[in-house]
Amino acid sequence: MIGILKSMATTMKHALDGQTFTVEYPDVAPEVSPRFRGVHKFSQERCIWCRQCENVCPNDTIQIVQDDKRNGEQYNLHIGQCIYCRLCEEVCPVDAILLTQNFEFTADTKNEFVYNKEQLKNVPWYKGIDPLNSRNPDRDAWVGEGDGEVDYQ
Amino acid sequence: MTPLQQGPILLPERIANLIGLGDGLLGQVVGGLIAAFLIANIMLAMTAVAGPWAKRKITAAFTDRIAVNRIGPFGLFIIIADAVRLLSKELIVPEGVDRPAWDLAPIILPASALLGFAVIPMGSGIQLADPETGLVFAFAVASIASLSLVMGGYASNNKYSLMGGLRAVAQNIAYEIPLIVTAASVVIFTGTLQMSEIVAVQREALISITPALTIPQWFAFVNPFAFVLFLVANMAEVGRNPFDIPEAPTEIVAGYQTEYSSVYFVLFYLGEFLHIFLGGALIATLFLGGPAAPIAALEVIPGFVWFLIKIWAVFLLTQWARSAIPRVRIDQLLDIGWKGMLVLSFANLVLTAIIVGVIV
Amino acid sequence: MSLERPKDRDSAGVQRHSADEIADLLGDLVIGREEHINAPGYVIPPDAVQETLSLLKNEAGFDHLSCVTAEERADRYESIYHLKKFDDATQEVSVVVPTAKDNPVSQSAEPVFRTADWHEREAYDLVGIDYEGHPDLRRILLPDTWQGHPLSMDYDQERPQVVSLREGANPLQEDHRDDQDSETMYLNIGPHHPATHGVLHLKATLDGEQVADVDPDIGYLHRCEEQMCQNGTYRYQIMPYPDRWDYISAGLLNEWAYARAAEDLADIEVPEYAQVIRTMGAELCRIAAHMLAVATFALDVYGDFTAIFMYGIREREKVQNILEDLTGQRLMFNYFRLGGVVWDLPEPRDEFFDKTRDFLEELPEALEEFHDLITGNEILQARTIGTGVLPPEVAKSYGATGPVLRGSGVDYDLRRDDPYGYYENLDWDVCVEDGCDNFSRLLVRMNEVEESAKIIEQCVDILEDWPEDERNIQANVPRTLRPDDDTEIYRAVEGAKGELGIYIRADGTEKPARFKIRSPCFSNLQTLPEMSNGEYVPDMVASLGSLDIVLGEVDR
């Protein structure tokens, strides 16, 4: 009986202290970590069309079309199929593809989630966070340091 | 309905007098109908507030959340939104249901609870009828609810529903006896089954310091043990935690109401809330002095308001229990009912009888 | 390249057998020897499985059949029984049972180890090996109507497997209503039921309110994660997938399972600094996973989305915020890399340490509240003590691990018994309760949260004092890994639900030839009939909740 009363006292304490844990999304935009991985942003100016992102992608989300002179023509990315593992950003030698903090996207059909390079370029920054800046210290560690020669193949 | 000589003037008579029909047969019928309509609507309105809004808000408070706050002030318009949503849903009639039992069950449940309110004195002269056997009438109609649960459970052609229905019967039988036996101990005190009399007896002073600061002779103060027994038995009777065995969402999906959707679901839902309120009304009448104020100084607030406060307090208690007490198992429930509550309630009855016989 | 741990390390005085001693014990049964990276392998004929395994179990003390791997090789089918000891998890033996390609029949190990029941069913289902003497050899993950065995070599990926409802097995087909003599009722609990924690289907036979028999039907969430991993490269492409096995915030623990197996396979040394970060991250995940386990268990017993569930989720949310800062994601972390982790702690580091410490400071109070709400509550005690009883011997035979096994009083935790990461250097205890019931399992989880908090606290202290120029988060690992041909390894870590093991066979390419996941939930769920037969339906639901299964990991 004491245990039951203790339980009831505990919940009543919570009811009366007035604290809530709810985030009133979408009225309040949630804070996300600068490392958060959301919809991609692609920069054609930077891209050297090395196709490493396409190769590393675990589930064939990125599709690159090149002409016969290996100039890039299309860069398509299915943001609905993507598992947001950030491997494309990790292997990209020129930071041409980045994952922003945007986590909201809607569409009527899943085909609309296939973003071409223009759409990918127009993805906005979330709250003005440029992930490249916030992740930069770590990128250096990842690319540059370590024992011995870095193996780039 | 036998016309009553003593006691306060009842609501039907007042209405009949108000619209000038006098106390003839026509006046009684029309006044009765209007009064019943009014009371039913007050109760339904309370349920409407309780179901979609208050319950959510209360649960949210217990669980550190905010709950509905987007539509209207404090999210109150969710009541309308929910009503539209629920009523506009498709009524799915599963294959092989036993009609018309399946259709009748959701009507019987709220009806049985509404009937019970007929004899409850709600203060400020609001009482539909005051028969000499009012208490028995209230228990009798409230018990019809189990019939509805069994009907719904059996007619749904669903094993979960069937189990829910069977559980409901087992539970109601086990807890109705302690409930009524405990109520009987109050009757021993008052010597009457008439609701208005039970309330009147409780108006006498238990402790009187000054005329304004008089603690009345509520039976919750006179016999707290019976009060607790009645509270617990009532919790089981209306099927709330820790005794929500007939529904038991994690075990038998939703029990007897698994197959009900749309309007029928709303009716079941209404019925359940009405039963909680009826339980609250009975507790208020039997143990908390009905519509009376706790101390004489507070009698400026009308009796009806006090009555509502007491009902809502009981509702709040059910929600509080829901947030903190685990559900007992069906066999434990029956153990508690038959081996615990029944014995205790009879002990309480015998003791009360002895005390009343010796002292009074 | 040998990563075999020195054989002289003897834990708790358990007798250690050398590879030759075991060969002598098995005598003529051995027709060949193999060397797996984790253990010696003994090749035995397919009709001597039971004899070999009982010898190993009874004479040499290998009482834990951790995993059964089946695979098709170029010239044969192979079943590999990975055996361990509950008393000393570092002692391992692999029993390799080759069978002919044209007639893949092998003796079943089910009479020796009950856990082989489901493992062999899975092997039959996915690879197509026939186990002779198995009590109930039918498909387990795929539907009964499936054509072919997906992991066999001649499987036609293109062939449509669409089966109309009429052709499939219909659980409602048999009409029991006219069966007047029947005393029991058949009830489908799930696949859509509030208490099955996902899409689990329990075929229950009820006698009144009591469970006469229950047969879990799994596979609704089967994605063939094993094959997905076989199609990915070691270096990058496999790592995102472990997050998706036990997707309830145990991601880093799962990633560690793959990382440990692959690192040992490719002989990669992980920097100590990275190990500390891994240990901290993994324990954060464990808190998150256990919080959810406690919350949903309370949900199953209490019956509504009530306070305890919400409080549990709230604590978990705080952990997830920390994990988001660390890894960038809340559930699908993809934070580990072979040879380390992808990111150092987030800058500014002090802020991260403060946030973690704040959480750890508030945690005891929150746990105290949980004890007030749950374990101290008499009704909950009445509901859980003495129900869902799983005796230690039964639990061992079923290969149950993790909190389920520790709730049955068996002191077995891979973090201590088969040390990896930084656990060895930290001060913490293994939580064991010997009640064997639902309440003990609940207690084990709640105590483990405390122990995890202890570990995290120590890790935070260590990380804070780590010299700035020695913060090496990743070893130098080539971009393409090609482990040697025909090397095999089975490695396990202590996941949130128990022993999460990975078997990898390399074939010299950059992708694994066989990738097998030993899911703890898979083995734990197998104990459900033992726990719930004869109990009431509510107790079965509570037992299921106390097993804390995640269907994503059961079905993979």
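Order of writing sets the chain letters: A, B and C. Residues in each chain are counted from 1.
The definition used in the following text is that a contact is a pair of C-beta atoms (placed from the backbone, for glycine too) under 8 Å apart; a residue touches a chain by one contact, two chains touch by 3 or more.
From a predicted model like this one, the values you see are computed outputs, not experimental measurements.
Set side by side, the interfaces A-B and B-C show unequal numbers of C-beta pairs in contact, with more at B-C. Central chain (C-alpha centroid nearest the global protein C-alpha centroid): C.
Taking the mean Cα position of each chain as its centre, B sits at the greatest distance from subunit C. One finds 29 Å separating the Cα centroids of subunit A and subunit C.
Our note on geometry: subunit A versus subunit B, Cα centroid distance of 54 Å, whole angstroms.
Subunit B and subunit C have Cα centroids lying 50 Å from one another. Those residues of subunit C in touch with two or more other chains are numbered 307, 311, 314, 373, 377, 379. Residue positions of subunit B touching 2 or more other chains, listed in rising order: 62-65, 323-325. In subunit A, the residues touching two or more other chains are 4, 7, 10-11, 14, 21. Across the complex, subunit A is touched by residues 232, 236-241, 244, 307, 311, 314, 317, 324-329, 332, 334, 342-344, 346-347, 369, 372-373, 376-379, 381, 471-480 of subunit C.
Residue ranges of subunit B in contact with subunit C, taken from their complex: 59, 62-65, 159-160, 163, 241-242, 244, 248-253, 322-332. Partner subunit C is touched in their complex by these residues of subunit A: 1-4, 6-7, 9-11, 14, 21, 32-37, 56, 58, 83-87, 90-91, 135, 137-138, 141-142, 145-153.
Of all residues in subunit C, those touching subunit B in their complex are 185, 187, 193-195, 209, 298-307, 309-311, 314, 373, 377, 379-380, 382-383, 536-539, 541.
The part of subunit B that touches subunit A in the complex is made up of residues 58, 60-66, 320-321, 323-325.
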